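One structure coming up, written as structure tokens, with questions to follow.
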Amino acid sequence: MNSKRYSEFLTTDNAVLTMIDHQTGLMVALGDEHPTVLKNNILGLVNTAKAINLPTVVTASLPEGPNGPVMPEIVDILQTEVIEREGQINAWDSEAYRNAIKATGRKKIIMAGIVTDVCLLFPALSAIEEGYNVYAVIDASGTWNKTVQEVTIQRLTQAGVKVTTWASVLAEIMNDWRSEHGEALGNVLASHTTKYGYVMNSYFAKS
Amino acid sequence: MNSKRYSEFLTTDNAVLTMIDHQTGLMVALGDEHPTVLKNNILGLVNTAKAINLPTVVTASLPEGPNGPVMPEIVDILQTEVIEREGQINAWDSEAYRNAIKATGRKKIIMAGIVTDVCLLFPALSAIEEGYNVYAVIDASGTWNKTVQEVTIQRLTQAGVKVTTWASVLAEIMNDWRSEHGEALGNVLASHTTKYGYVMNSYFAKS
Amino acid sequence: MNSKRYSEFLTTDNAVLTMIDHQTGLMVALGDEHPTVLKNNILGLVNTAKAINLPTVVTASLPEGPNGPVMPEIVDILQTEVIEREGQINAWDSEAYRNAIKATGRKKIIMAGIVTDVCLLFPALSAIEEGYNVYAVIDASGTWNKTVQEVTIQRLTQAGVKVTTWASVLAEIMNDWRSEHGEALGNVLASHTTKYGYVMNSYFAKS
Amino acid sequence: MNSKRYSEFLTTDNAVLTMIDHQTGLMVALGDEHPTVLKNNILGLVNTAKAINLPTVVTASLPEGPNGPVMPEIVDILQTEVIEREGQINAWDSEAYRNAIKATGRKKIIMAGIVTDVCLLFPALSAIEEGYNVYAVIDASGTWNKTVQEVTIQRLTQAGVKVTTWASVLAEIMNDWRSEHGEALGNVLASHTTKYGYVMNSYFAKS
Amino acid sequence: MNSKRYSEFLTTDNAVLTMIDHQTGLMVALGDEHPTVLKNNILGLVNTAKAINLPTVVTASLPEGPNGPVMPEIVDILQTEVIEREGQINAWDSEAYRNAIKATGRKKIIMAGIVTDVCLLFPALSAIEEGYNVYAVIDASGTWNKTVQEVTIQRLTQAGVKVTTWASVLAEIMNDWRSEHGEALGNVLASHTTKYGYVMNSYFAKS
Amino acid sequence: MNSKRYSEFLTTDNAVLTMIDHQTGLMVALGDEHPTVLKNNILGLVNTAKAINLPTVVTASLPEGPNGPVMPEIVDILQTEVIEREGQINAWDSEAYRNAIKATGRKKIIMAGIVTDVCLLFPALSAIEEGYNVYAVIDASGTWNKTVQEVTIQRLTQAGVKVTTWASVLAEIMNDWRSEHGEALGNVLASHTTKYGYVMNSYFAKS
Amino acid sequence: MNSKRYSEFLTTDNAVLTMIDHQTGLMVALGDEHPTVLKNNILGLVNTAKAINLPTVVTASLPEGPNGPVMPEIVDILQTEVIEREGQINAWDSEAYRNAIKATGRKKIIMAGIVTDVCLLFPALSAIEEGYNVYAVIDASGTWNKTVQEVTIQRLTQAGVKVTTWASVLAEIMNDWRSEHGEALGNVLASHTTKYGYVMNSYFAKS
Amino acid sequence: MNSKRYSEFLTTDNAVLTMIDHQTGLMVALGDEHPTVLKNNILGLVNTAKAINLPTVVTASLPEGPNGPVMPEIVDILQTEVIEREGQINAWDSEAYRNAIKATGRKKIIMAGIVTDVCLLFPALSAIEEGYNVYAVIDASGTWNKTVQEVTIQRLTQAGVKVTTWASVLAEIMNDWRSEHGEALGNVLASHTTKYGYVMNSYFAKS
């Protein structure tokens, strides 16, 4: 790997977003972040994709069982089908899932998963091995507790995955406030970074 | 004060909600809770009042200046006018404000304010002195940091104010899931206690 | 209230334990303590009651719905029926529940509830008003986050409730290691205070 | 004590500020707050007094020894002499100190001290006994660690002292933004509540 | 209780120190403070008593069993016998212990115990009932976790116990740096408040 | 090392579990995680191995002395002999231990140890040097405090060890819910991830 | 990269400081550090540059809009023009900015930005790619919360950026207390590391 | 660097300990660890060296000035001279210091310094460049706050330094409890890992 690997940026044309197992039966079990903050981060990431019509792949593990359905908000926003896996823990082991990623023709994968140490970690490792450039969105993923998050960040980084956060992804793709999607992405940013939204409220109230 | 003072409950008929100075220029300055969590708590409290048509009094301090406007979401939900104060820090010093409270004819005041150590504390103390029963909603108020919150809780309690939280207020008023407002309040609760909302999602997905 | 009110102790003959709404659909929503620690505390409290055959009253709110069943471990250990409430949030509003407490003839109530700010707080306030001496077991109860716990502790204390913890309750009742229940309670203590259990392991391995 | 005791407010005419033992040799030993935050709080409180020409009494314990001099900033701002105590730990035991307080003719004492559990606690208790109304400014005081702060807050409150914070004192005295000292106090507030200062920067940059 | 109850101070003549169950088998089980910090606090309190020849009563619960011996450092410093209890959990239930306290003829009891929610709480409540003035030294006591400490502080305060800390006790007794015990107590303070000791090191290195 | 090194997965056929020095005399000394949480993690890891009949190697350092016996639960579950070391701190220095690992013929070692910075770190480094692929299970290991854990994670990662957690190991081996061990491992997961267990309780209560 | 890359030091001759987007509308939105601490760190870094006349490049993103002006203190201290960007998020995409850096002829860039995960991360990655040696000053940058800071530190380090802090930068450049800038930098250090400043106060008071 | 670099161990024959700038005027300014815990760690490390007669090099920066003398305990224990530097911040820039290290003929340097981000970081980087194998003892070093510690750990690791802790160093050198220094090092370990010392107390009390 050359250093350039770490300095190439996401664009609207080179990336795909995948949301793995954000299911309500799993999300109640998380403990590394306040649930309201995590939900807000997830919606920030999903709305980013929607604002720029980024290709997205959503998958779920046994949604008929205790894991429950994908968060309804994700499905509502992305208006995409959910690839239901019958048992594979690593989404990359699902041919339907892998094909959906490959069909986008993109080599940079923005990936979030519940739980971080399983549903994000394993497909991230598999995708790296196949030459993808993986952005693991830590704050739109979640796991049992903070220590598990910290440990998983180390293992992801060690394998060459880039760890990132939802607002960083948004800004990396936006690139310029004057770009085609600048206004739409600015709205997403204001809506989901609570205090920055208040700044907007104050500013435009005064205008 | 007899012990009964502390064991009487809120009802739809005996209480008024007042939201004091939840202005966007002040809310960016807070530091005792994650801003996204606080915003969610505030909306939970306001939606509780709306669901049961509780009388509400909203006030702001110099909203044309740096303090900025009341959070637009509060005004949208409650559809009420904001009593703009020209300079009084303690809202109770505003005749218009005091009259608005008195006009409701209710003796239990559910009170939240930004910042906790000023805009909640001072009117709470004034209202107690005039014989009101004050419920200070700590988690729908906010202040500079956690220590200020802790100190203010002690001073409120010492003066006979009841400290409480938004979800406790909702449940105290709801009283019974079979009551007139049971379903509406249940929806508010699910919407704003994130994980309890996921439990609902899982449950009804299965039904 | 005289100061004696706060210095009388629990005994096997003067107390009743009540577990309010420890239901699996509610317990996933808690956030003021690590879930594994809370579960261990709850089982410590319940096993304390079992070891001394303390009267117990267990109740649940709408267990057929999203709130789910009472934790199976509680029912298994206490081998008692669950008083299912049809809608009353404050368990004290349920005649069946109140009668069950009264039927024990005891005036000291050891009370735990999920969530602390609702299912523990309201019946504690109601019981105090009727002259009971209430021990609110904070660490065998649980709620949304630490701030809500802190606020509720203030409101309970203000109303004359004694706040306590499960291991303190055990020791208060045990009174003397040589008492009839000394060995049984010692075993409960060792089993649920993890490191004290290790001390026992080391000690008896050496013996 | 009637409830009014807790609802009377500070004014420019009824209060005196006393700063006890804010000496540089003691301040390095503190651990309950970030030192930079504490210093900022202390300067906020002192500048509040200066802005309204509040009477002030500053004292130090053995400043020639390891305790060191009073923070130079305090002396610079208040331009007052320091009452040096030769050995009394409780400042109230110093006749010179007590007389300085009494000479102001004011019955409300705004008190801060290093360390909280000694230099603030003891004179607060002594002043309460002599009928003063004491405001203990917790966040302009400091001590060894957070637990000591928490414990001292309980002991102060139990004895009838009001615990408070520097910004709450400022607002309580200001009373109205249109008052004589409104602008001066507003500037102090903006200077020492960092983010509120940024709000001002943004606002006036736009004007 | 009049307010004076809370403003009377400890002296070398009116107080007794009691250390309850600081046994090595119990101390490994604690979790509300770093063990090294707690040990240092305990030794600070014990050395305070030694420096002024304060009467002391040390007791242990079943030291032949898993609870283990009293910390050897306590026995070494105080050179006192340990009252071994055969089974009573509340030390006040031991006639030998009660008599030892009463034999001192002092009405102010400085009390520390392991664990806070049992071995400190119960004798504190019993002593209050018998008219003693109890100082519960929270930071020289220890318990399972921080929440248990917080809850116990509330229950102690509610019953009229004064909660305090070891360095506050030292300073309350010292009263004046020029007193008979000023130098000895100053040395204890420097030795056990680590950073204040460094200040002394720097100061005297320069002299 | 190629990137594949970090993306190969554990299977039931390529891994061995080793538990190093989980002795009760050591476990009381830990401070980087709540003891009840750590115990639960350890049992989760051990039960994972049992559910799939993974080869296991358990060792202890001087169990007759203060270190005490291996946690009885580990021995009960694994039904394996403990390799007692006479003095070697690094288990890898014990020929009996090394041979036991080698005899399994497996090159991936799932390793946990008490304390993390000694009993896990040193054999992990030795095994890496001999070409093993080491998975250091951080949350089933424990040490003096959080900083020591953080530092050790860096040193392990730097040397090429993969840091991981018990639930991640379970999922990595399970691979597919439909696999031979899917149900057994699912039960282990539910039993030791407390809230996920509640989800199961709610789900099957409704079925 | 050879190991020397990580052991070369900053000097007054080889480095340039760049401050990116420290704008008051952004700074209110931060949450990974106390705002007063962050402000103090930023001023410490800027005063370091001023004390040694280090070349500096300051830039802002759309300062006429909600982001607001650069902190006035930065402009006052550095007396430099602000390069206003019209929309580029990554400052490196601005030709004016890139040219300003290049014009200094220096290859070591001391870089701070608001927010860390965007305005610091992206130009740091771009500069590394062009062969610069980048020092990312984490504690003079700020972002939404601590997790985002932690994640960004990993991504910066992975790409070969050196993460550092303002006081470390000062000391690295100062090199020797006897150097030309020793006294000036010593004053900056004392002014912004609060307790070290108190040490100075005590020391010189005694002299 | 081959992987062996990270798996070679410290021995009594291949290592030298250096303590850099543990001066009382600096130690009061630290904030990343409780001062009592840090002091105990430092003494644990120093006593380790003494127990095995490890060569040691102690240095101080301008000890006549505000930085003050080296902690007297270090000098007392090691009975070594302090190399006083006249101004060099990086100890490696001092010829006397470098020569003292080189004179030991050892290539593994166990290094601790105050502050971590300066007095430990810079000589660690310099020593790595000259081919030494550096062990940076993080918990016997100290700095302004936790974030600075975290950042410095990353920079040290990035440059190939091994980060470690004092008890890990002790165990790495001890190697075997039956070794020549086993008993002496065991005593150091028990004395400075507080709870492990209690385990010893309990064990030998029973013997």
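In this document, chain identifiers A, B, C, D, E, F, G and H correspond to the written order of the chains, with residue numbering beginning at 1 in each.
Here, a residue touches a chain if its C-beta (ideal position, glycine included) is under 8 Å from a C-beta of that chain, and two chains touch if they have at least 3 such contacts.
Just so we're clear, the structure is a prediction, and the values are computed from it rather than from any experiment.
Chemist: Which option, C-H, C-E or D-G, should count as the same interface as A-F once over half of the contact pairs match?
Modeler: Repeat interface, by the over-half criterion: C-E.
Chemist: Measuring centre to centre with CA averages, how many angstrom lie between chain C and chain G?
Modeler: Roughly 54 Å, centre to centre.
Chemist: Once you find the CA centre of chain B and the CA centre of chain D, what distance in Å lies between them?
Modeler: 30
Chemist: Just curious, how far off is chain F from chain C if you go by their C-alpha centres, in Å?
Modeler: 35
Chemist: Among all residues of chain D, which ones touch two or more of the remaining chains?
Modeler: Those would be 25, 28-29, 31, 34-35, 37, 66, 68, 145, 150, 195, 198-199, 202-203, 206.
Chemist: By the document's touch rule, what are all the touching chain pairs in this structure?
Modeler: Result for touching pairs of chains: A-B, A-C, A-D, A-F, A-G, B-C, B-D, B-F, B-G, C-E, C-F, C-H, D-E, D-G, D-H, E-F, E-G, E-H, F-H, G-H.
Chemist: Mind listing the chain H positions that touch chain C in their complex?
Modeler: Residue positions touching the partner: 199, 202-203, 206.
Chemist: Which residues, counting only chain E, touch chain C once they are in their complex?
Modeler: 1, 25-26, 28-29, 31, 61-62, 65-66, 68, 86-90, 93, 115, 117-118, 121-122, 125-126, 128-129, 144-145, 147-148, 150-152, 154-155, 158-160
Chemist: Could you please specify the touching residues of chain B with respect to chain G in the complex?
Modeler: 28-29, 31, 34-35, 145
Chemist: Can you tell me which positions in chain C touch chain F when the two form their complex?
Modeler: Per the stated touch rule, the residues are 24-25, 27-28, 34-37, 39-40, 63, 66, 68-69, 71-72, 194-195, 198-199, 201-202, 205-206.
Chemist: What residues of chain F sit close enough to touch chain A in their complex?
Modeler: My answer: residues 3-4, 6-7, 9, 33, 37, 138-139, 149-150, 153, 157, 162-165, 167-168, 171-172, 174-179, 182, 193, 195-196, 198-200, 202-204.
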